[in-house]
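These notes open a run of structures that come right after.
The following pair of complexes shares a single chain, chain A, combined with chain B in the former and chain C in the latter.
On to the complex of A and B.
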């Protein structure tokens, strides 16, 4: 090995000393909790007395509960809506701010601003904006003769309203990721296509988007992971209601564990969530292998 | 590239529209904080405040700070976010330096495990973590919100691995030839070379901790320990109809971050862009 002939500039223990806090954190706050939560998903527990292991009873109860399937469906819907919405708006915004216009940094910073503010504050201000009668949206709709629906009280609409706010908050983030991809595209290819007489639309669909595909895939992966981070907004806007209309897996883990103290049952839901995330990761892996090939 | 003038105007209009949609909720939040309650529940809906530059302009702010102790919540959020961010800027470069510059057994495994933890939703690990904090007697203290930040941060570690790998190896070789220890090379050569990244990681960690809700909600049950995010949700559930006070509290809760953002947005956005290119 070439390593052996090198001058030894550190002892064998040095990397372990440097990694010591990280390893403690990795085991104590990540790996051990992951394994324990799996084990506890087969138990009846309330955090105080010892857990009673009851086999697959939690899973049986969960899978035969219609509320659970509702929550599961909500999670899939919000994920789908969030991933589609944030990718479409992220890309459109990136295409817009990729132009050379004076003061562009200001506009980028403005569009990125919701990303850095807390979901709680964002949720509260959108409650006001979408509020019945005194909210600005309902007021404008009434002016143009449209009766506004109940954005957050209608059980069919509430979930999409929350998804919309989540997309609104995070669009700037995906804009920046797409923008980085757009700016790393080889300019010569774009110029060659102009010389060859490609229209702007052709250039977008035949050159820019295909060359952007590694970025698109990266954004896709990030968006899926972020789609599950909806606890805060739901907590601030709907608390999962009305009638579970906006309840998701992440929110129902919290409610079951810390409001109903059904901790074992909450862990069961957490592991269903884990299975969904794991499944999506595997899908991602194959998509990356067969689809997102760099085109240079 | 040649572009028609008219299409440039269309683009400009769309960009202004997008910026407006992004910023309007915050403007209205600030505007509402200078309104009195009766104006909020009056039609037509008002965009501009009625108390701005008039007597009693700061009434809502005074009430929220003195009567509902948002000053204290802001301080609590600051202490927690500052210390947690401080932990990150020390622990992440240490781990990154080992990954970037050293070869040791199990390196790939530890790297893969760290990468995997990025994908685990917090809800999967939070219950055992809560139990641990309960057994340690750390509930109702800031420790559960600070100590984990001194023990690993996967995102920061990956950020610094690429920063360290980009530093020219000539500097590294010179330091080794001079006989500097590994720790000296890290803290005296590599760390000072990466100040922009250190600042960026600090800001990002600060913001994430400032905005966190789940952990403060679980670990802080006494009003004097509340952070701004819990203060805001508690306030929301008690005074649902008081929009003026609620949005004033919201302004206070996001104001410190907005100020930091105005000065540091370039670094935050550039860091985000480099993450995008790497992907």
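On to the complex of A and C.
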């Protein structure tokens, strides 16, 4: 009688069997939607009828629309403001809380609280705080004889106000990242710099920041990707107004897909957004070798 | 004998099978899916379902309520339509009727109406015809359950304090302006207005109410945005309330408060919005102050009384397995089986008996006798502005700062002149309309 070949757990098939559920998930929930999205960006689709292929018409319409360039510009401005603001404030906060003082954990938790608070709730609260006539900021400034500007209603100011709120909300997250980086710096190097007579400022710029560069690179990369996730705040605070002043690519994707039911056109905007984020990330990784190296 | 016995047995078996089949047909349990969007009506819906199921033991109704916030309701419905799995009976926005009818997602109701000889004795035929007009079909595609009008709300206590007569249906725009001026007050002399005569938040329910009250039109026969002289006159009047006469604040000054909270918080004496605010104001205002509702005054160029409004309707899925039962339930919930207190305050029911019942004018809560206005609306000429891509060119929901609304905002907030804003709006809106009406 022939012997049955026993299954060997170290056969070539084992890893694939174990990976199979993850691969199915990645395929169904990531790859298929990405490919579908790209295909749909070349179609006219309003959700209720079948998509109709229309070639490059969506892309032509998008790039010839003056509003698109304004929205694109807004997106770049908000990215610049958010990345710079998050990194600077995140680092400052991390330097502040990087002390072994009693009660410091309370402050770390308090600073982190906005990160885990719903963006819509944050937006609504800041809308009330910054509201003209009835907002707290307006009230306080009036008491000291200052006329508050229209923080969210002035076309020149609204975008920066939304950026500020977004930085305020997420600074705690970057604080945690920087804090982890600060606490991984070799203490001996810092002590040696003290012995050598370095001032605190010199220590910060000549020792701490260079040794923090891998963390800074990571924060920079994450902040760029995060900068584009501003839909909830804009929806809660300004709805893209006034006069498209706070309209961004992400918000425009939503409005076109779920208000106008121009899903194909929304996909086109989404792929432009993908190209921008992807491009910035690739550039970031390329220039990394020039500045993000730990000291030996 | 044996042959007779066999015949008897066969007959008995056949009879039993027939009897069983008949019993199964009459006791077949069916479930109807009913989708709506108003969460405030959840309790009312449950009461309606309980009453219907008690009268129809073999029918179970599943009510799904999905909010319209963020376009959730329309999106979910569109996905169901794509999957050919629409609910049996569902509410649909008038703004979507034309698109949906064009694709064939609204069941033709002519055959069901033809079988129902009493339908236009029970319901207002005018509302059925209005739905056809909005959907641009030559067949009935929806059963209206209410008409929504846009009207003028006013604070009676403020009018009394100023010694003014209440607004009435004979008011002109001059009367309105005189009252608004008298009701715009700096109470403490600090140079800031504490009470405004009017608040205009610049959205469709308010702006277009003024246009229609002046018999203006916004969309021409070629389906292009081309406000006529009467419409432009209305736009000028409405925006001048803020810019020239200063009886209404700039919307950006009031942005810390939700637009429909200014009237309940006594910041303004008058406010134009949809009749649904009756329900909202009853809850928010309570007995804090006395308030009333009347028509938006006819404009100087109006030759007839037009009311800006639209039908709320139920439609049947074209693929429903139970068209007769779905039609029966749709009629029931549209009015045939409900009472006046189950109709949202401020909406005109499509069911005659409800409107004609004494309970329709609820004298136990505000605005008391002013509710007669909604009964009078039953004989009005209603005018809507719905087209394909309406929410895109008007600016609605997540896009409320864009489109026509955005243009009006820029005028009211003194960021653009009237001509600049309207020219820009016309270009943008016609780009949209020429895409959907080539």
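Keep in mind that, in the parts below, the second predicted complex is superposed on the first by the 276 of 296 C-alpha atoms of A that agree within 3 Å, B and C clash if a C-alpha of one lies under 4 Å from a C-alpha of the other, contacts with A are read in each partner's own complex, and residues count from 1 in each chain.
We adopt the following convention: a contact is a pair of C-beta atoms (placed from the backbone, for glycine too) under 8 Å apart; a residue touches a chain by one contact, two chains touch by 3 or more.
Since the model is a prediction, treat every value here as computed from it, not as a measurement.
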item: Partner chain(s) touched by A:172 [first = chain B, second = chain C, both, neither]; value: first
item: Partner with the higher number of touched chain A residues, chain C or chain B; value: B
item: Touched partner set for A:134, first chain B, second chain C, both or neither; value: both
item: Chain B versus chain C as contact partner of A:243, first or second or both or neither; value: second
item: Touching partner for A:235 - first (chain B), second (chain C), both, neither; value: both
item: First, second, both or neither for A:96, with chain B first and chain C second; value: first
item: First, second, both or neither for A:266, with chain B first and chain C second; value: first
item: Partner chain in contact with A:71 - chain B first, chain C second, else both or neither; value: neither
item: Touched partner set for A:227, first chain B, second chain C, both or neither; value: neither
item: Which of chain B and chain C A:153 touches, first, second, both or neither; value: second
item: Chain B and chain C footprints on chain A, overlapping residues; value: 47, 128, 133-135, 235, 254, 258
item: Chain A contact footprint on chain B (complex, rising order); value: 1-2, 8, 11-12, 14-16, 18-19, 21-23, 25-26, 28-29, 32, 40-41, 43-45, 47, 91, 94-95, 97-98, 102-104, 107, 110, 113-114, 117-121, 123-132, 134, 148, 150-153, 157, 176, 181-183, 185-186, 207, 210-211, 213-214, 217-218, 228-229, 232-233, 236, 243, 246-247, 250, 253-254, 257-258, 261, 265-266, 268-269, 272-277, 279
item: Complex interface listing, chain C residues touching chain A; value: 70-71, 74-75, 78-79, 81-82, 99-100, 103, 105, 252-257, 389, 391-392, 396-402, 406, 409-410, 413, 415
item: Chain A residues touching chain C - in the complex, by the definition given at the top; value: 46-49, 127-128, 131-135, 150, 152-153, 155, 235, 238-244, 247, 254-255, 258-262
item: Partner chain B, residues of chain A touching it in the complex; value: 3, 7, 9-10, 12, 14-16, 18-19, 21-26, 28-34, 36-37, 40, 47, 93, 96-97, 99, 101, 104-114, 116-122, 124-126, 128-129, 133-136, 139, 168, 171-173, 176-181, 183-184, 190-191, 194, 214-215, 217-219, 221-222, 225, 228-229, 231-232, 235-236, 249-250, 253-254, 257-258, 263, 266-267, 270-271, 273-274, 277, 281
